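In the two assemblies presented below, chain A is common to both, partnered first by chain B and then by chain C.
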Partner chain A sequence: MWQLLQIELYKIFRRPRTYIAFVAVAVLITIMQFGLKVDGQEYADFMLQSLGNFDVQGKLLNGYMVCYIVLQLMLVHVPLLVTLISADLISGEANIGTLRLLMAKPYSRTSIVVSKFCAVCVYTLLLLIWVAFLALFVSVVIFGKSDLFLMKNEYIVLIRQDDVFWRYGCAFCFAFVALITVASVGFFLSAFAENSIGPIVTTMSVIILFTVLGTLNLPVFQAISPYLFTTHMVTWKEFFDEKVNANNEALAGTLQNLPHIIHSVIILLIYIVVLVSATVWVMKKKDILS
Partner chain B sequence: MHCAFNKFYRMKKFVLILFITHCSLFIHAQDATALINKVKAKLDKVNDYTATGVLKTDVAFIKAPVSKVVVYFKKPNHFRLQKNGGISVLPKGGISVNMGTIISTNNFTALDAGETNINNTKTKVVKLLPNDENSDVVLSTLYIDEANLLIKKAVTTTRDNGTYEVVLSYGKYADYALPDKVQFSFNAKDYKLPKGVTLDFDDSQPADKEKLKNKKGKVEIDYASYIINKGVDDKVFE
Partner chain C sequence: MQQVVQVTNLSKHYKNIKAVDALSFTVNEGDVYGFLGQNGAGKSTTIRMLLTLIEPTQGDIKMFGLKLNQHRKTILQSVGAIIEKPDVYKYLSAYNNLNLFARMSGIHPTEKKLMQQLEMVGLKERAHDTVKTFSQGMKQRLGIAIALIHDPRLIILDEPTNGLDPQGIADVRNLILHLSREMKKTLVVSSHLLNEMEQVATRLLIIDKGKKLVEGTTAELFDPAQTLLELDSLNNTEALLLLQNSAWQTALQPQRSNSLLLKIHRNAIPNLHVWLVQQNIKIVSLQSRHSLEDYFLQVTSSGQHVAAFTN
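After this line comes the complex of A and B, so read on.
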């Protein structure tokens, strides 16, 4: 199994396509950081206009805040980059004609499929570590540290700077589960195709469709919204909300809605298990002709 | 003849009452001004201070932790609250208005508005009307502990920042008229940001939505210590 994983990782990191995601992430985050460094104060002032008769004192645009802004935008697009690899894993082999050869090796089909999936997990993890390094560590170096001031739709959350880091740690772990879910969708679709374009485009379409359905606040779509994986992918934001006591004082080290986070993780894990199992089942039954 | 005498007598009585009332009001106004001046003289003993304390924010739509703050004051009205390396959210023009600022000018009319008890302390109620038409403060009502020359409560109505109430508790710094605790209450306006701005497209809501309907806001500072008249660098207020 370990040998299979090593082979799969070698195949992934040998292809130039793999590095597109790393370069794209670096370019996007750098551009965002540059924009916020140059015009960030205007952005902050715009946000603060809605606070009316309140004064906000302190370093609002700090590394933690920049990381949150970057993640809000990035975690919508990173899944698309993960798709480039996950949806190519099986179909890519079918396309170049090596799938039959691979399946002829003295390993069970389950081991081969699972090792491919594990390789995607490693790739996703590395991509996420790259995002975390650029979005969090580089932002902290450029913008410095301070409390995290988040303006949500109906309320404001102020998190002490010594209470922020673990939240990012948890948020990135959650994001990993969310990205693996997307990878599973691409991986599953990859089992049906003879070339990688089809599953890549289909996975992206599924993500876009589910996101749109979840965003539209229409009763007909709200009924299915809790079952869409895209609805739960944004739950990482829950790590940046605190509980308050009877005096309305925010309690450091608490999470406002832990059950919601757990619920989302369970839903995402169900997606992963079902899709990977289905992929294994499909591959075991598949008559491989290419 | 008798009727005319009666009319003249009633008129005289009315004029006399009017005169006494006017004199009484004038004396009361004088009393109130004198009291304000005494309080002002006590407050004037403090040229500057650096204080450490704990800030508590109780506004329905703000989730803020209790935090340690350093407060700087320098005459005439420089005030700065700093949260060590952190961010603080304070009502505009409110918490920075200390008692010294309210009565820092002589350009007001003080009116005696009777007496009342604040926390079992007998206080004199004085209404301050600024003479300057452009003043941001429209009316201030001070509740003064006459015996100790301490302002126990102030209700101030401003043009731009609404009405706010400051309740002060004194302890070991009472000789300088510096409070151990300041409670600042105000009306918080509605807060709502479009989802397009916050990028919060999910429908997750805070647990207690009812709390958000409470429009009253409160900010409290518990002062632990003061360093008085030791000088404060002007750079602090930049």
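After this line comes the complex of A and C, so read on.
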């Protein structure tokens, strides 16, 4: 199994296509950081303007806030980059004809499929670490540290700077689970195809469909919304909601709705387990005709 | 002699299509087992079942005396294969592809061993070039190196000469002979190129529409009394007249081209040669026609399922 995982990782990281995602992330984050560095103050002023008479002391546009802005935008697009790899893992091999060679080797199909999935997990983790490095560490270096000021739909959150870092750590861990869920969808679909275009497009279509269904304010769709993985993918933002006491004062080091976060993680994990198990089952039954 | 492959009553059905139908055959150690059939006859399906790529609908496969469905891992460690096209990772070099597939086969070859293997198939000079720059023939040779890197006892080559130029076909033929005669490997080689198979195979199986037509050694499949002889001379009209008025008259066959055709016993060919010279016929060529091709066309088009030849 370890041998197979090494082989899969070797194949992934020897392909030039793999690095497109890393370059794309770097370019996107750099552009956002550049924009915020040049015009960030205007953006912050505009944000405060909508609050009316509100006096803020300290550095509003700091590295933590930039990271939050970047993540809000990036975590919509990173699933696409992960899908490019996960949806190609089986179908891509079928397309170039190496799947039959691989499946004729003295390893069980379960080992081969699971090692491929583990490889995509490693790839996703590395991509997320790269995002974290650029979005958080580089932003902190460029914009400095201060308290995190966030404007949510119905309220404002102010988190002390010494209470921010662990929240980002948890948010990135959560994002990892969410991205692996998307990867599982692409991985599952790739078991049925003989080129990677179909699974990639279908995975993106599923994400768009589920997102639309989850946001449509109609009772019929709201009933299924809690079961859609896209509904739970945005739960990472809840790591930036604090509990408040009776005097409406924020309590440092707390999370407002930890059970809901755990619930989302469980739903996502169920998706992962079901989809990967289904992929193994399909591949064990499948006649390799490519 | 040990049976390396023993297939019993093997079938594969896709809905109403019988791709392979109750096929049984045996490959002995040291055989170059030619697996012949027209396109769509069921050769590739059978080979994929031998490699566990396709699940049989029914039947039993044993290799090295072990049941394939129970000892898959052990058996596949001793099998090397090229399945149709020699597809490898085009973004990797020949060396890296070979190393990768060696590890997939459970071995960790040294650099020296890898280079030796590439040298054997004539790719040493291109070892570190990416495969996307390779010709079809070079990819085929790399495929063969990959099939052999873990020193398998049984080598399965499915249409190994597909897409190759004449030189490439000759190279593959020589390699098969080398593997069989020098390295004492057992080979199963599928092809629809009859003359190629005749030159390398020690035993042949002809299948059609998924069913076995005949199985046996090359010698067993041909009746020497029915050897077809093609005669070409400087004056074929004169030669024809002489033959029609001689004892060879009954051997004459309908002409398919400008040459004359005779069906005679193989042993009678020298006598005919002498007689023609005595009649002052200026012979340009006298050669026995490819009997396997005729035989193959005869058995596959007649639809008769001839009982298997046995030793």
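The working rule: the second predicted complex is superposed on the first by the 290 of 290 C-alpha atoms of A that agree within 3 Å, B and C clash if a C-alpha of one lies under 4 Å from a C-alpha of the other, contacts with A are read in each partner's own complex, and residues count from 1 in each chain.
Keep in mind that, in the parts below, a residue touches a chain if its C-beta (ideal position, glycine included) is under 8 Å from a C-beta of that chain, and two chains touch if they have at least 3 such contacts.
The shown structure was predicted, so the numbers you read here are calculated from the model rather than taken from an experiment.
Trainee: Taking the superposition as given, does A:Gln3 touch the first partner, chain B, the second, chain C, both, or neither?
Mentor: After superposition on chain A, A:Gln3 lies in contact with chain C alone.
Trainee: Which holds for A:Gln57: it touches chain B only (first), chain C only (second), both, or neither?
Mentor: first
Trainee: After lining up the shared chain so the two structures overlap, which partner does A:Ile31 touch, if you call chain B first and chain C second: first, second, both or neither?
Mentor: Once the two structures are laid over each other on A, A:Ile31 reaches no partner at all.
Trainee: Quick one: is A:Leu102 in contact with chain B, with chain C, with both, or with neither? Answer first, second, both or neither.
Mentor: second
Trainee: More residues of chain A in touch with chain C or with chain B?
Mentor: In the superposed model, B touches more residues of chain A.
Trainee: Once the shared chain is lined up, is A:Glu238 touching chain B (first), chain C (second), both, or neither of them?
Mentor: Only chain B is touched by A:Glu238; chain C is not.
Trainee: Return first, second, both or neither, reflecting whether A:Ile266 touches chain B, chain C, both chains, or no partner chain.
Mentor: Neither chain B nor chain C is touched by A:Ile266.
Trainee: Determine, under the contact definition given at the top, whether A:Val212 touches first (chain B), second (chain C), both, or neither.
Mentor: After superposition on chain A, A:Val212 lies in contact with neither partner.
Trainee: A:Asn153 contacts which: chain B (first), chain C (second), both, neither?
Mentor: The answer is first: A:Asn153 touches chain B but not chain C.
Trainee: Give me the intersection of chain A's contacts with chain B and its contacts with chain C, in residue numbers.
Mentor: none
Trainee: Sort out for me which residues of chain A touch chain B in the complex.
Mentor: Touching chain B: residues 46-47, 50-60, 72-73, 145-147, 149, 151-161, 163, 214-215, 217, 231, 234-235, 237-238, 241-244, 247-252, 256-257, 260 of chain A.
Trainee: For the complex, give me every residue of chain B touching chain A.
Mentor: 56-67, 81-83, 85-92, 161-162, 186, 188-189, 191-195, 197-208, 211-212
Trainee: State the interface residues of chain A toward chain C in the complex, per the touch definition above.
Mentor: Residues 3-4, 6-7, 10-11, 14-16, 96-98, 100-108, 285, 287-289.
Trainee: Spell out the part of chain C that touches chain A in their complex, as residue ranges.
Mentor: So the residues of chain C in touch with chain A come to 48, 51-55, 72-77, 79, 81, 83-85, 87-92, 96, 100-101, 103-106, 146.
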